[in-house]
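This report concerns only the one structure given below.
A, B and C label the chains in the order they appear, each numbered from 1.
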Amino acid sequence: MALKQIEGSHGVAEAVALCRPEVICAYPISPQTHIVEGLGEMVKAGDLRAEFINVESEFAAMSVAIGASAAGARTYTATASQGLLFMVEAVYNASGLGLPIVMTVANRAIGAPINIWNDHSDTMSQRDCGWLQLFAETNQEALDLHIQAFKIAEELSLPVMVCMDGFILTHAYERLDVPDQERVDNFLPPFEPRQVLDPVAPLSIGAMVGPEAYTEVRYLAHLKQRRALDLIPRVAAEFKAMFGRDAGGLIRPYRLEGARTAVVALGSVLGTIKDTVDQLRDAGHAIGVLGITSFRPFPLEAVRYALRDVERVIVVEKCFAVGVGGILAINLRLALDGTGQPVRTLVAGLGGRAITMGSLARAFERAMADQLEAMTFLDLDEALVERVLERERLVRRSGPAAEAILREVGTVAAKIA
Amino acid sequence: MFQVRIHGRGGQGVVTGAEMLSIAAFLEGKHAQAFPSFGSERTGAPVVAFCRIDTKEIRLREPIMAPDAIIIQDPTLLHQVDVFQGLKADGYVLINSAKSFTDLGIDEVSVRLRPERQVCVPATEIALKHLGRPLPNAVLLGAFAGLAGEISLPSVVSAIRDKFTGKVAEGNIAAATAACEQVRAQLAACQPVKEPRADQHQEAR
Amino acid sequence: MSYQPVRFYQTGTFTVGNRLLDEHDRTVQAMPVRANSLTSGHRACQGCGEALGARYAIDAAVAATDRQVIAANATGCLEVFSTPYPETSWQIPWIHSLFGNTAAVATGIAAALRVKGREDIRVIAQGGDGGTTDIGFGCLSGMFERNDDVLYICYDNEAYMNTGVQRSSATPPAARTATTLPVGPAPGNVFGQGKYLPAIAMAHGIPYVATATVADLHDLEYKVKKAIGIRGAKYLHIFVPCPLGWGSASHETIKLARLVTQCGLFPVFEAEHGEVTGVAKIRKPIPVEDYLRPQRRYAHLFGKTPATETLARIQALADRNIRHYGLLDDAGARR
């Protein structure tokens, strides 16, 4: 065990290296690049014996990973945002074929408009592709989740996405506890594939499946994800026994005892939410937090049970279903089906907009007074939006919408947040 | 919690400065979180980096809105960006400049602060002298050690060694040490200096 | 008495599996113990050139490597007809991932084998012209550029056949397909478009590039064996007639493959690191019409008012190939 003050990406690189990946492939995209660069340095230094492949696109990255994993190698890659979208065909292929690839997604917004900063729209776009999706709250958890991810993936024969907030986590320097190799080796044995391309026992992988059998194949994939609901907590418990700390699992409640209001969220914003909730608790409010670590599979029963005593739920999410509502909120509503507990959606942090304790506190207070609408965009500049809409009403050739808004916002560099 | 905000321009090592500050705090057994601002990044564009230091785990992830200390690596930002936004009344200000607060035209800021908590240091010139390059980030950390005492000079030296090697490291260490001594001398000359540590960490968590 | 030189033409090259030859001169297909890597029971059309080409190529690879072969296959005719659920015709380890990523999947397999110290197992990537020259182009170029240890085999039937004969960038000028109608004045593909992948492969400077057809089995097997023994990126482009897509008689597949080489439209050659190292000379040059006429996809060029100008342009393409690759020698003899 070693305590280090290092960048989140580098902590992830060290964690992945400890898992002894055999094939690493990636294509550069902000903000994940430091992870694969870190791994590359380790391979070069001889600290990690792996094939490191510089691929020509993210689609190639996932495809190379598919080939390597099918040939029996423990395989890793990383991407974000546009890169994830570019590889989507292969992403579905990997889960459909049951290949235990582990991929870091450094959560980043999706264009257009192009935006390199953090939100959850990228992995949310792939929530139903069949991959497991685990969200890290801190850089320590990001590090720990990768070690757990390989174990979970290989036991299930399903690929796993470890989601960590781009820039906010990837580029933050924090104190990290990096486990030692021996303990990781004890926790994570060598990869034993369920299927492998080998001339000793030839088989065909990836055949066409027609209407007579497709449903059954897909149902088995559904069952596998449900099985993960048992496996994930078990692996988290084994991790705690081996490494001495809590990481992973399905959900993480905070001060929910006696809470009448619960705030639910994914990822690093939970830190800011907990500080806000502490303040509100000090002021006498009965409010608590439920962090969700496993977004896929979504822990419906665990969430329902954890929130059973609260009167209302506020979901803070860095994504939304365009024209419909929240995405995490929809999953929450499914979990709370029939209970009558109202769920309010706070869409915050889109495209990297800072989520401040002040804004959250004000929104939570409104929620606790039952004054929050069903869906709110936190810190939305409504006047700005109205000005742009007015211009569009007056002029047909109103130009690109994003550029119009940027013009209204003015020089960004002069602002702190 | 002690919160530091560093302002500069792209290419001046602002982000590395915040990282080194966090390493210095780490070496003293504290928790520290350093992260860059998320604006357009290119050489010459205004850049902000943040560093939080605490004795316990830091959960907060928002940009630093109410800093305890502000370090300004590039004084040309003074009238372009609201660099002092949110600064606490008993906060520290460290500016990379050979001029005084008055000459920089920011007297209205200076009068709000404690006299022993504000200082200008010609970090770029010191860097040129010891390092041969106009990179003031490590130098300013040495100055900061002298100004605020939140982190010690030896920790700054170790942090520099963590980031740099060989001549570059030695040059930065020499420059940082010189800047620290200069700040201490300046503060001693202006007013009896209260022991900084006694006044800090006032707000309850 | 004067002696006239007599030319003996070896009928073994026209007849698959000539068992009259000595064993060591026979093709792999002529061996009673051939691997049959693509075994019977697949669902290919009658006369399918690709089924033939794939069996020839993979059997040769298996023979050359003592069965140490893994293949990645693109989506397409070969993949579809060889693996109708729940059966497979493949007797080698085989994976089908997607349409456009076959070269990358093969790269991944090769990397896994390398890290496990099993570089004795050779990796083949295979696909049709659509999966190779169009949608698979990016991954193919990446594999070439990195010089990954993969033999890529393209079975070129000059269109997207499995989806109903749509034009690909390998579709030759004037050939009729389902999607060339709205582009250009004639029903066939326009002149001036298209990619010639063998030259593009050569431009990457990879260790070995070769073209071949199903008409010359010895040549094809020789090239596969040679390629699979080379470390690094290799590309083999095999001309495979498609009776259904071309509107040709199913028993004329091999004949058409021979005709295309003899008229010069499909040069048969080898290249190493971007330089041509050998060509198969045309034995007896024929006009392009002899090759085009038996195919209904070119029927609009013939009939009561033949498209003489188009035919001349096609002939010019053939003539250019003959010149460029040196496909004829003075004596008209084979290399």
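The definition used in the following text is that a contact is a pair of C-beta atoms (placed from the backbone, for glycine too) under 8 Å apart; a residue touches a chain by one contact, two chains touch by 3 or more.
These figures come from a predicted structure and were not determined experimentally.
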Length of the shortest touching-chain route, chain B through to chain C: 2
Of all other chains, the one whose Cα centre sits farthest from chain C: B
Contact pairs, highest-scoring chain pair: A-C
Length of the line joining the C-alpha centres of chain B and chain C, rounded to whole Å: 67
Intercentroid distance (Cα basis), chain C paired with chain A, Å: 45
For chain A paired with chain B, centre-to-centre distance based on mean C-alpha positions, whole Å: 34
Complex contacts: residues of chain A adjacent to chain C: 22-23, 25, 49-51, 53-57, 59-60, 63-73, 75, 89-90, 93, 97, 197-199, 201-210, 212-213
Touching residues (chain side chain A, partner chain B) in the complex: 3, 5, 7, 117, 138, 167-168, 171-175, 268-272, 274-275, 278, 352, 354-358, 412-417
Contacting residues of chain C [partner chain A, same complex]: 67-70, 72-73, 79-80, 83-86, 88, 90-98, 100-101, 104-116, 121, 138-139, 141-142, 145-146
Contact footprint of chain A on chain B as seen in their complex: 5, 18-19, 22-23, 26-27, 31-40, 45-46, 48, 58-63, 65, 80-82, 85-86, 205
